[in-house]
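Chain naming follows the written order as A, B and C, and within any one chain the residues start at number 1.
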Amino acid sequence: MNPKDAASAEDSDLLLVERANAGDQRAFGLLVLKYQRRVQRLIARMVRDVDLVDDIAQETFIRAYRALHQFRGDAQFYTWLYRIAVNTAKKALLQLKRDPTVSESFLSKDEDDETSWQKNEPTSEETPETVFAAKEIAAVVNAAMEALPEDLRLAVTLREIEGLSYDEIALAMDCPIGTVRSRIFRAREAISAKVKPLLDKQTGKRW
Amino acid sequence: MSQGKHTVAWVLAATALLWCGVGLAAESAVADTSIHAWLVRVHEASRQRAYTGTFVVSAGAKTASAKIWHVCDGTQQMERVEPLSGQSRSIFRRNDQVITFFPESRVAITEKRDSLGLFPNLLKSSDSDMGAHYQLKALGNERVVGVEADIVEILPKDQLRYGYRVWSEKRTGLIVQLQTLDLEGRVLEQAAFSELQLDAPVSMPKLAQMMAATDGYRVESPEMQKTTAEAQGWTLRRQVPGFKAMGCFLRPVAASAQGVHAMQWMFSDGLATVSLFVEPFDRRRHTREGSTDLGGATRTLTRHLDAWWITAVGEVPAATLGVFAQTLERRK
Amino acid sequence: MAHPDDSVNDRISALVDGQLRGAEFSEAMDSLASQPEDERAWQMYHLIGDVLRSEELAGGAHDRDFLSRLEQKLAQEPVRTASASTRVFHAQGTSANAGAWRWISGVAVTVLVSVAGWGVWNTTSDGQQLASTRGVPVIAQMEVAAGSAEGPVMLRDPELDALMAAHQQLGGHSALQMPSGFLRNATFERPAR
């Protein structure tokens, strides 16, 4: 196997970080688009107030941006980002605790118990509308997956759910890497086509 | 429009602020507090400049953004705007010609926008009563979006209009950030570059080519008929202080009804603009009377008057729209 | 122009999986900078992957807004240089910006007084119908505090949207029109199509 082909998504993050450090702010924006939902969900497990979740999420990415030069690539980017998110949330909660005008409802649930928020609890962002919207999207994605031709579904499953690299998928499906790339792309396009109208509807905007 | 002809010329010339035009030596600070002098300074400091960037408009938690490209060759200005949110579309402008491509429906809409225009002439130092309604204050400077900017605050002298804070890049005068302030001085809306590349290599021929690429598109030109409010039978019982009439058109507007034409009567006080739309009353469509605030600086207000339906739209407080709507009347 | 381009999206798909290097990577990045649909593809593909792994992550409707807000804040940060060992601190506290971020939080939503029928217009949070007196030449305004988690209720009326678009198209007689006014209107424009 050619070392050049053993690319991974982690390397891709590092490439984006390097590019951002070289001055391309858009590269940082791509990382934000990629990880913001995960970061928001993480923070939502620690903090009740939905506006505060958003503020802390924004602050997390600002801190990440400032500290980007310190990211060496020896750990995964998300692991590094995750730590910044947790620290930022903890700091915010501490500050709020000191403020006598802030009511208890802003504060976290089980802040002291780090593991408690790893359970599958509803988060602060979940109003009936957002829960429904999320269910809708998940339903459409699943239905779209079901409707895919076998080879496309397998390729995208191996990539997204099993986390295999293109090389590994090529081996598993006994096909050239170019075919792997094409199948994953076509699977994504087919699913996108079904999700877009839903996002349109949910935001009143076009995707 | 015979009314306020001087003001019209001045305002339109003032919109040429940041146009590529005569390149004169820039001044480094906003020393003069008169609005007029500030506009002149900014205009004189502007030069031929190409730039690209991302433009973000935010109001509260709501934002909209677009990528933009701008280039100028001394006689022509070209611009390309690609909104990142909202309906998929590409907007191209060459001076006052604007074309909007809608790739989904393969429709392109062309318009000539009178309010834009290239004025190579310098501003005349003629009258304007902007100083009667606004007060300008220099607020120093600040680095934003990677450039040094002068900050200026323009506050209203009455309750009929909003205030503004303007960040303009020191050398070019390019406005890089603009805040609209409500009557309490809070930020209603901000329009600003979130990233900006001055002197970016934008190719005018390339933009021109893209602008002309209407193959496969149905090109439409909305029918605008220039008219006067007078000819349409309308007048304002009293002038709204500071606001001068800028023009009047008959045009199709309704989203749901085909062939319905409304009169659009436009006003400006130099910074804020108001449009009064008048159309025949239609019970099925015209059901909500009152004012709206969707966030941002623009408000609307509707009023049912006899056989007519009036909608006032503008970047002004609701009360001001109310004054417009209430003082509009049929000519006797 | 915004034409969906299969070969371009294919490249974004490969980028998402970390498959691009060298020139192909640079080209993809450059394309992302100038083609908004590339960015949308990047977003969409990541959303799909996230949802396949965890249905909880099925958001995505407002992701771009989050980034736009962040970009505005990042615009205030010192310009990044290749060697950022010395940090240039951003001078704070011009009176201009002191209150700059005091957004009108919890924007009061003005609900229209209905004259005939409600349509999709919202009532107050406790469901009270707003009274209307037809024929009285008074423009009534009711202010309702926004209560939803998402912020103000966005009331979309295509009629008003069309008129706002028309106002923005033609009514630009402002000294602040260029570039801010024009760009603002173009960014916000909601044409009647």
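Assume a contact is a pair of C-beta atoms (placed from the backbone, for glycine too) under 8 Å apart; a residue touches a chain by one contact, two chains touch by 3 or more.
Nothing here was measured: the structure is a model prediction, and the numbers come from that model.
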| item | value |
| --- | --- |
| Most widely separated chain from subunit B, with each centre as the mean of CA atoms | A |
| Central chain (distance from its CA mean to the mean of all protein CA atoms) | C |
| Geometric centre distance via CA averages, subunit C-subunit B, whole Å | 19 |
| Centroid spacing, where centroids are CA-atom means, of subunit A and subunit B in whole angstrom | 38 |
| Overlap residues in subunit C, where contacts from two or more other chains coincide | 39, 64, 69, 71, 74, 105, 150, 154 |
| Residues of subunit B engaged with two or more neighbouring chains | 61, 85-88, 195 |
| Contacts with 2+ other chains: residues of subunit A | 25-26, 54 |
| Residue ranges of subunit C touching subunit A (in the complex, touch as defined) | 6, 9-10, 13-21, 25, 29, 32-33, 39-53, 55-64, 66-67, 69-71, 73-74, 77, 80-82, 84, 105, 148-150, 154, 156 |
| Contact footprint of subunit C on subunit A as seen in their complex | 4, 7-13, 15, 19-30, 32-34, 36-38, 40-41, 50-51, 54, 57-58, 61-62, 65-66, 69, 123, 125, 127, 129-130, 133-138, 141, 145, 156-157, 159-161, 166, 181-182, 184-185, 188-189, 191-192, 195-196, 199, 202-204, 207 |
| Contact footprint of subunit B on subunit C as seen in their complex | 1-4, 34-37, 39, 64-65, 68-69, 71-72, 74-76, 78-79, 90-91, 94-97, 99-105, 107-117, 119, 121, 132, 137, 139-142, 150-152, 154-155, 157-164, 166-180, 182-184, 186-193 |
| Complex contact set, residues of subunit B against subunit C | 8, 11-12, 14-19, 39, 54-58, 60-68, 70, 79, 81-91, 93, 100-103, 105, 107, 109, 111, 113-116, 139-146, 151, 153, 164-167, 174-175, 178-179, 182, 185-188, 190-195, 210, 213, 224, 246-247, 249, 251, 253-256, 262, 264, 266, 268, 270-275, 277, 283, 285-296, 298, 300-305, 311, 313-314, 318, 322, 325-326 |
